[in-house]
Structures are given as C-alpha cells and as structure tokens.
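Two complexes, one shared chain (subunit A), two partners (subunit B, subunit C).
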Partner chain A sequence: MKNLNIINLTKGETFLHQLSGTTKVRLFAVLMVYVTMSFDLPIILPLFIVTIVGLVSLKPSWKVIKPVVIFVVAMNIVNIVLFWLANPHCGFEYTGDKTVLFAFTDYLVVTKGTFWYLTVRLLKMLTSFTTSLVFIMSITPSELAAGLTSLGLPYKLGSIVELAFRYIPDISRDYENISISMQCRGLELDAKKIKPIERLKQMIIILIPLIVTSFDRVGNISNAMDLRGFGKGKQRSYYSEYPERRNDTIFKVIYCLIALFCVYYIVSGLISPRDPKMWIYWS
Partner chain B sequence: MLILGPSGCGKSTLANCINGLVPFSYPGEIQGSCKIAGTETSSSSIFNLSAVVGTVLQDSDAQFVGLSVGGDIAYALENDNMPREEMLPRVLNSATLVGMHEFLEHVPYNLSGGQKQRVSLAGIMHDHVKVLLFDEPLAALDPQMGNQAIDLIDQIQKNNNCTVVIIEHRLEDVLYRPVDRIILLEDGQIVADMTPNELLCSNIIVEKGIREPLYLQALKMAGCNVTIEDNPCNVFDINLDKYKDQLVSFYTSVDTSKPVEEKEVVLEVKNVDFSYDKKKALDDVSFSVNKADKIAVVGKNGAGKSTAAKLICGILRPDKGKVLLEGVDYLKYSIKELGQKIGYVMQNPNQMLVKDIIRDEVSLGLVLNGKSEEEIERNIEEALKKCDIWPMRNWPISVVSYGQKKRVTIASILAMNPEIILLDEPTAGQDYRVYTEIMSFLETLNRNYGITILFITHDMHLAIEYTDRAIVFADGKCIGDDSVFKILSNNDIIEQANLKQTSLYSLATRIGLNPEDFIESFIVAERRKRHEKS
Partner chain C sequence: MKKESIGKILLGKWDTKTIVGVAIGIALFAVLMVYGSIKVFTNTNLSLAMIVPVIVGGLFGPLPAALVCGLGNVLADLIGGWGLWFDWSIGNAALGFIVGCLKLYGADIEDGVFDIKHMVIYAVLAVLGNILAFGVITPIFTKILFGGELNITIAQGWFAAVSNATVLIIAGIPILKALAARNARGKNLTKE
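So, the complex of A and B:
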C-alpha cells in the first residue's frame, strides 16, 4: 500500500511533488486568500486554468479522483440551483441587469445578470476546489506537518495530523478483521438483505471492539513517542522536509508577489469601495 | 542480560523504571534508588534518560510513528531539532547497522514484523546510547525471524560494546546466543539472579512457570541429571558424553505404536486457487480434516495461512477448486450459515468481545441467528460449562483475565455447536502459564467432546505438544501435510516455511539417533506424562 486514495504517503516524482512542504503550505494559504477575496473574473479565471494545468502535471490516477470530482461538481451545481431558486434576481446587486432570458413562471425567471453572477460563482467554487485538490495530491502528511510548523503553528498540531494518517490503515485493517469475525457469528452486513438502519446498528456493534483495541494502541504510541523525546524542545526539525531548492525560491518570489497583490487589492477595496458590478459590465 | 518471569511479575514495570516511563509517564510511589549511568532516574528526565537508554517496545506496529522507514529512524533526531543535513548521514548509518538501508523510502504497511523491529532498533541507536532495552522482542516474530533478531542484538552488542537488557519469557529462544546473566522475577520480587547455566540446573524455572528448553526436558525425561559443568545453556555446546547411552536406551524403549482409528472426513479442500486482484494467494491447495483432529496450520506471514482460514470460513470463496463440508459443496451456504458449522476465534479476544456481561456475549451469535429462547438457554449453559466459566456467567467481561477472555470468546463460538473450531494464534503474546491454561483447555474440549480444532500458529512448541498433524504453507502452496514429528525433521519444509529446527532435532543428531523417531518418542512420552498428571 503506497497511497491512501488521493493522499500520498511518499513523495511523488513530478515538479510540484518535489517542492518542499513549506512552499506548498504557504502557496496554498496565499492562494486561498486570493480566490476568496473577489468575484472578479480576471482574477479567478487565470488561477482556475493554472490549477488545471497543475493537476494534469501531477499525473494523477484519474480512476481515484474521478468520484471526488464528480461529487464536488455535482454538489456545487446543486448549490447554485438552490441559490437561484431562493432568489431568481440574486445577480442584480452585482450586475444591475434584469434582462429576462427565459421564464418558467412569473417568479422563476432566468435573467442575464443572475446567469452571469451564478456562472462566476460556480467558477469561483470550482477554483477553490481545484486549488485544494492540487494541494492535497501534491503533499505528504509529513510535509504538511513541516509546512504548518513553518507558518508558526505549534508542531504538536502538525504531529497529530501526521499520526492520524499513519494509523488510519492500521485501524481499517482492525475493522476488517472484527467485521469478519462478527459476520461469522451471524451478523448480517450484506446491504441487499437488511435495511440501512439495521445495517447502521450492526456497524456500531463492530465499533465497540475497534475502539477498545485502538485505545490499547494509543497508550503504546504515546510511550514510544515519549521514549524518543517527543516534546523535548520548542522547535523540531523534519526529516522529510527538503532544504529550500531553486524551484522553492522561485515559488517564494511568486507567492510573495501574490500576497502583496492581495494586500493591495483588499486595502484599496477598503479605502475606496469598488463598484460591486462585475467585470463584463464595467465598460 | 535477560529479565525472565511470567506475565504480571513486574518485568515491564522494572523495564519502565530503567527507561524513565516510571516515574515520568506512570507516576507512583518510589522507594529506594535506581541509577542509570551514575544518575538517579527520579532526578533526571525522560528525555535525558532516553538519550542513554534506548527502548524497543513489544508492539512493533504501534511504535512505528514515522510515515516511512527513514522518517521513523529520524524521529528522535527530529525531536532534538537536528538540522536535516546532519540527520541524513546518521539515519543512513543506523539503517545500515540493522540492514534496512535499502528500505528508507518504504511505508510501514508493507514491512514484516521483523523489519519493523529492525527499524525501531535503528531509531534508538543514536550517539550516546549505553543501554539497549528490548521488551519481548520475540513476541510477534516467526521462529526464523526470532533467531535473526537475537543474532542481530548479539552482533550490535558486540560491535557497539553496549549493555543489552532483554525482557522475555521464551528462555530457549533467547539463549540461542550467549547471555551473561538472568534475573528471574516473581510477584515483583527477584527470585533468582544467576548465570544461565546455574539457572538451568536448578529447579527454579519449572517451579516459577517458565518453559524449560526442550532439549533439557528431553534429557530430564530420560532421567539424566544435568549439572553446571555440562554447560547446558545451549544445545550445541552441552556436554552429552555421559548421557548418550541413557538417552538412547530411554527413547528406543518408548512405545510409539498407536491404535489405528477410522476417522470420518468433515472438511475437504480440493485444488483450491485464490487471488487478491491479480496476486495469487493460494495455489492449488488441497487437504482434508477428519473429525476430532487437532491440526496446526503453520507457515511464515503472508504464506497463505490467513487466506486459507478466511476461505474455510467462507469470507472468501475459491476462484477454482472446491471446499466440501461433510461431503457437500460449501458454496451453497452463506457466511452466516457457515458460521454455525465452522467457528472462527480471533487472535486478540478484545477484537471479538462486544457485550458487557459474559452470558450476553456467549448468547450473541445465537440471538443474531434468531434461535429460540430455550435453545439459547440450553446452548449457552452447555458452552459455559464446557469452558468452565459457568459460575462467572453474570460477571462483566472487563474484570476477567486475558485467559478467561479467551475462554469467553471460545464459549461464544462453542454455543453455536460448530463442527470445527478455527483458532488464530490462540496463545500469541501469552506467557507459559496462560499458554498452558488455554492449550490444556482446548485439549480437553477436543478429547471429551470430540471437537475438531485447527490452530493457525507459528509456535512450534504448540504444534509439538498439542497437535497431531501439521499443514505447512509457503508462498500460497501447501508444501507439507503430515504428522508433526515428520514435518519437524524435514529440513526443506522447515526452511521454506521460515520455521526453526527444534533443539530436539539437534539433540538427536548429536547423539546419533534418527531425528524423526526421536521427536516422535519424545512427543509420545511427554503426552503420556501430561495425561498422567491431569
């Protein structure tokens, strides 16, 4: 077992994989600010394209990410439709356009302005999703721990994340074993034969021994960590964190520039509020 | 040095006093003095102590905290905040010492128990370590890996000139390499502190419930009175000249003829293939099980033992071939139905117990199968009585001992009246006393109630003492199916299955007897003795 679905446990080979954990975490943090701060298409669209390129460059296993992508896209579309149902004129505030394109009833109309607004909104959601996906797929839990520490967070936080990923496969193996023995004793887990609620109840029976055995393990893990000096100092170094290399330096410049731009954009928006109207209506 | 003693005797607590978990993680009252490298532990800290004392814990899975081999070895250095450039050569160096340098990038999930243990060892081999402390290093290893582990510990002790403290109850396996001193603990007190030779010649180990090495058992049974001058701590070095005639005459006199019994076949596995995805896990496996058999299923990890067990229980079904249960193809039974014919007892009772009260646990299987109230009452009473826990039926499970928990799990399987019971490593991690308790209980079940029992195990002692037949797996194939003494005197099988030659074999070769006959005579004589006792 090398990878847990979309999470890598070992460092990959591609350009983005090879960046250091610090670079990845900082870049991601800056980009999340960048994508949240506005509804401007000229700001969102380039990032969307860049993250798609980034995703392809990671050479992911499409079989693994397909269900995730389908799920997220579907949820976002549902979200947009609900937005529209709640207020078919929700785009007016941003675009000032009420031209009706299509009318189902008097209430349910599709206006040019709302259509535009919701499309941009969907794109914004998808951009934050693709950014996160690239981030998650390019980073290993150890790098994440190192990166979080580099942001000034206490290293114990990063270690919790790292440990969780370390023991998930162990726990799922325990779960499988327990479920086997319970099935032999007559527990029915076959989805076709019992109702979902019954099935849920049966799963809870399995959880009890799982929790007991996991607690046994926690004691051992914490002893093992104590005995190797965990929590000794205020600082901790990371074996899996490569020192800064040329590409990391380039990215450092890039994320610093983006950060500066974000600061400028937000501050200037505060000083003289921007016209909420969207880009295409600016001219 | 070896610290020896049954479970609960205080070995682990003593070890925790040495590595600093006592008093820093387990606070309590301490009297007296404990000095490590000249410093009183109570005035030190767990971090300072861990720089001097390196500990390898028993559970090699739980102590692997890194996400890769390299990361785990570096763990202590990371906590020291050592810059990465300094860390890399040290990690490589430690990994090379234990022979894991080619695995630095590997994740823990694909490593064997022995490999994980090596990684743990490498992780504590930094700079100032003066004492290496091993808590039950043999618990999770198959026999051959166990030998390799003891070998490695011995080598590292010699090369690095450090103190090694091993905590174990498997005396014979530790003595595979020389030990200077043995401390025997009982009820928190030291009852012996002597050289291995002195200890082996005294009667203390037998009295204190420690398993005597097999070759010494064999010698004593033949009436030989072994003394310290004979150097009895290793089967290869012991002086046998005086005892040779005595041994030969005793073992040729044992009557090994058995009445031939007609047995009916209950389970038949015929040319079964099974693959996970594309990996073949079982390849043309065939064997049969007779009623009231006691069979050991042995082989190294990943050889197909567990797959075979899952297949017999019906969790997995064969890709090719057939499994016949009482002459009927078992494909027609669901897992649930099969569960009432073939009972599966897991290794760790905590993974099986889901109820608070013993009788609820035992009745669970029957309730789930929708049996009538009377039938449930009748069956659980019978099962609880067979397992000798009827008086405890209303006790909460949390208060009973490990051995009793094991009985509860077995009772909950027995309540369903299965034809066959399949036990996965029934004695793993248990000391000799609990081991004897569990195994003699299973033997009684088999003898008095004619229940067929299959053991999945890598404990060769268990196979020798308690089973008649062994089925050996290696690389998904069934490479041996014969009486235990024949398997144990077959070098090819032993090597392929990562088993270990027992010391009986070496003893027989040294005195010039045929190992097969010798082991058989020993088994027969030993069982007769045990039956007389019980």
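So, the complex of A and C:
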C-alpha cells in the first residue's frame, strides 16, 4: 500500500524533473508506442538501459522503490511461466523455431524459439514498467494535465486525469486506515488463513465505507472548483506550464526523431511483413 | 421528478460534479485494481474494482462509467507496472458502459431505488456485458493493435469475464443494496 508514495505533488530538483509537463507527456507517449510496436531486442534493450539511467538520475528514495520493483519483477516472471504453461509453443509464431532444448513431458517442452520469445517478452514488460515508473516519478498532477492539454485533448479530460492522479494517494491511505480499523474489530485479512471467497466477502466490508467516504468528497471538491470558476472558459492555462527552455528544445528534437523512426518501423512492417516476426540472434 | 430523455441519460451531464465524480471513480478503480484483487490467471484478477463503474453509473450515467473503467484501467496499468494494454482498456470501457446503465432501467442509487426487478436486470446485464466486452471487443482490438496471440487473449478473456461477472453479482448486489438503503428517503410514503 505504501508504495503509492511514488506519486509526488511538488516539482523535484533533478534534470528530468525540471523539464516541462508538455515535454514529459509527449516523450512518454512516443516511448510507449516505441515499446509496444516490436519484439526486437536491439530496439528494446537501449531504451531499457536509458530508463534505468533515468531512474537513477531522479535520485528516488530506494526504500520506496524496492518493494515495487520486487513485486513487479516477481509478477512478470509468474506471468511468463503461466504463458509457457498455457502454450509451450507460443514462441513459434514469432521465431519460427521448434528446436527442443529440454523436455519435461511430451507436452511441457522448452524450445529455443519459445525461450527466446519469452525472454524478450519479459524484457519488454520490464522496459514498459521502468518507462512508466520514470514518467510517474518525474511528473506532478498539474504538469500531467498541462501535457495532456498540449496533445490537443479537451482540458476537462486533462482535469479528470489530474484529479484522479492527485487522489490516488489519499484513497489508498483511506483504504489502509479502514482495513486496519476493521482488523482491530477482528476481521481476518491474512491471505494464508482464509479462502478466496471468504476474502471477497471481507473485502466488501472494507469497500462500503471506502466508497462512501470517497464519494462524499465529490461535493466538497466540485464546490471548491465551481467557486474558482472552473469550466467557464473554452480554454485554460496552467500555472505549471512555462515557455520552452533549452532542455525542452533538445528533448523536442529527440522525441520527434523517435516518432519518425516509429512511423518508419510500423509502416515498413505493414508493407513487407518481417519473417521471422522478431529479431533472433541465431539467424 | 422530471423524466429525462434516454439520450441525455446515456451521455450524462458534464458539469463540475460529474468531472470530479469520474476522477474520484478512476482513482478508486486504480487503487482497487492494483491492491484489492485476488489472482486468478495471467494478467487477470478477481478484482473488486469492477464495482466502482457500477456506482459511478448509478450516480452519473453510463458514459462516465465507461470513462472510469477505461481510464482507470490505463492508470492502474501505469502504477501497477504490467505494461499498457489498450485492448483491455477498451474492453473494460465497453463493460463499464453496459453495467453503468442503472438509470436506464429505473434503478436510482441516489434516491434508494434498487429492488428485486433491478437486481435481476443488473445481473443479466453484467453477464451479457462481460461476454460482449471480453469475448468480442477485446480480441478484436488485440488483433488490430498487436496482431496474433489470440489464443491467450481469448483464454484470458474468458477468465476475466467469469471472474468479473462473479464479482459484479456476488459483491455488487449487496453493495448496491447497502448504498441504496443508506440513501433511501421518502420510500414508505404513499401519495394520497
């Protein structure tokens, strides 16, 4: 629960923090396309390294990050194993390789193609995670809204995302408080001691007060916003947004180049489909 | 009470209150999606988050509910760290729209109207919505956005549909009933 502290509400000191919201949101959007578009190691690995460097440069508090990273890595590995159990030949479509490296039974075999595919898939998931982590840790809710508006979205949508982002830490704190006070009254929440259906029932007991307190806020917040004249104009400006600085210009060039590369890669893949579908080290 | 037209109910009223309500809904959805769930299958959880769009739908209408489901899923993907999967977010948005239709068939959480009839319609809609969202819409978008991998998506889709329908019915009905009872006013009065 505590790891939702990764959302910060004030601007930090480091290089990435100091970029404008527009730059961050646009760079992130381009990078998401970049990660999603392919399963090629030469495309994914450099971004992975760059985001790790970016993460270190943010000088995060490692105590907060460590549990998140452990949780995500463990979850992704479990997912990969389940993928393999569901279909031991799932890599065939991508690599076109069925060389058996190791066989448990007739069904459960490890093929070279599947092994390579799942390894790259794991790296792809982790890259997507580090990219989102760097993005979330470097941005504040207000900058996020400013950035989304700069993409041409209506500012009311930007405000929705901003408010949601702002209230995630509050709601998770409420959740924790309610859960602790319910446990004081004798509610058993330990996953090892009770069955999933029992657990579902007890989650409902926590959920009702959480929903009531959360939606009670709506009146207060919307009145406060109405009093400040929210939604009266067609456009709005943002306090956190300022004219482009030197670093923003440099990043503008970078994300434009990456976007061009993405367009080239996707279009060329559509015109002449690659065979095999991903980059393989042995061919 | 004035009867509103169906189109107006479907779109919802986009004033400040709705915007804040949707935002709080998204935050609640994301928190529950990441931390209030029980694992079932790869990338699929028995998640209580699915209750949130129903309540938002009951308070503000189907389109806000769809927005809560879709954007909430994107935000949960961001903080949860399993990568962005827009095909699932779109499927979720469709489901949110369908289960958010409470006002269309007369249930009104704000005024405490939620009877047996509404429960039955709600349960049927929950099942149909899940089949449509994860059996049809999500695989289509997976094909468009990522191509291939359909077997796993369909398997995940069925797990998601079953677990969501379970949560929506087993947990949703008691919660809606409790909330309706909390908001009930003037229910025992008859017009003379």
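What we mean here is this: the second predicted complex is superposed on the first by the 216 of 283 C-alpha atoms of A that agree within 3 Å, B and C clash if a C-alpha of one lies under 4 Å from a C-alpha of the other, contacts with A are read in each partner's own complex, and residues count from 1 in each chain.
Assume contacts are C-beta pairs under 8 Å (C-beta built on N, C-alpha and C of every residue); 3 or more make two chains touch, one makes a residue touch a chain.
Please read these numbers as outputs of a predicted model, since none were measured by experiment.
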### Message
Tell me the contact category for A:Glu188 with respect to subunit B and subunit C: first, second, both or neither.
### Response
first
### Task
Give one of first, second, both or neither to describe whether A:Leu133 is in contact with subunit B, with subunit C, with both, or with none.
second
### Task
With the two complexes superposed on chain A, say which partner A:Gln18 touches: subunit B (first), subunit C (second), both, or neither.
neither
### Query
Can A:Lys156 be said to touch subunit B (first), subunit C (second), both, or neither?
second
### Message
Applying the document's definition of touch, where does A:Val212 land relative to subunit B and subunit C: first, second, both, or neither?
### Response
both
### Task
State whether A:Pro243 touches subunit B only (first), subunit C only (second), both chains, or neither.
first
### Message
Contacts for A:Phe165 in the overlay, against subunit B (first) and subunit C (second): which applies, first, second, both or neither?
### Response
both
### Query
Between subunit B (first) and subunit C (second), which, if any, makes contact with A:Met225: first, second, both or neither?
both
## Note on the structure
subunit A contact set shared between subunit B and subunit C covers 1, 162-163, 165-166, 170, 208, 210, 212, 217, 221-222, 225-226, 230-231
### Summary
subunit A contacts subunit C in the complex at 1, 4, 6-7, 32, 35-36, 68, 71-72, 75-76, 78-79, 82-83, 86-87, 90, 93-94, 124-125, 128-129, 132-133, 135-136, 156, 159-168, 170-172, 175, 196, 199-200, 203-204, 207-208, 210-212, 214-215, 217-219, 221-222, 225-226, 230-231, 277
### Query
Across the complex, what residues on subunit C touch subunit A?
14-17, 19-24, 26-28, 30-32, 35-36, 38, 41-43, 46, 48, 51-52, 55, 59, 67, 71-72, 75, 77-84, 145-146, 148-149, 151-152, 155, 167, 170-171, 174-175, 178-179, 182
### Task
Enumerate the contact residues on subunit B facing subunit A in the complex.
19-21, 24-25, 46-47, 50-51, 55, 57, 59, 61-68, 70-71, 74-85, 87, 91, 105, 107-110, 123-124, 310, 313-315, 335-336, 338-340, 342-344, 346, 348, 350-354, 364-365, 368-369, 412-413, 416
### Query
What part of subunit A is in contact with subunit B in the complex they form?
1-2, 9-10, 140-142, 162-163, 165-166, 169-170, 174, 177-178, 180-188, 205-206, 208-210, 212-213, 216-217, 220-233, 235-243
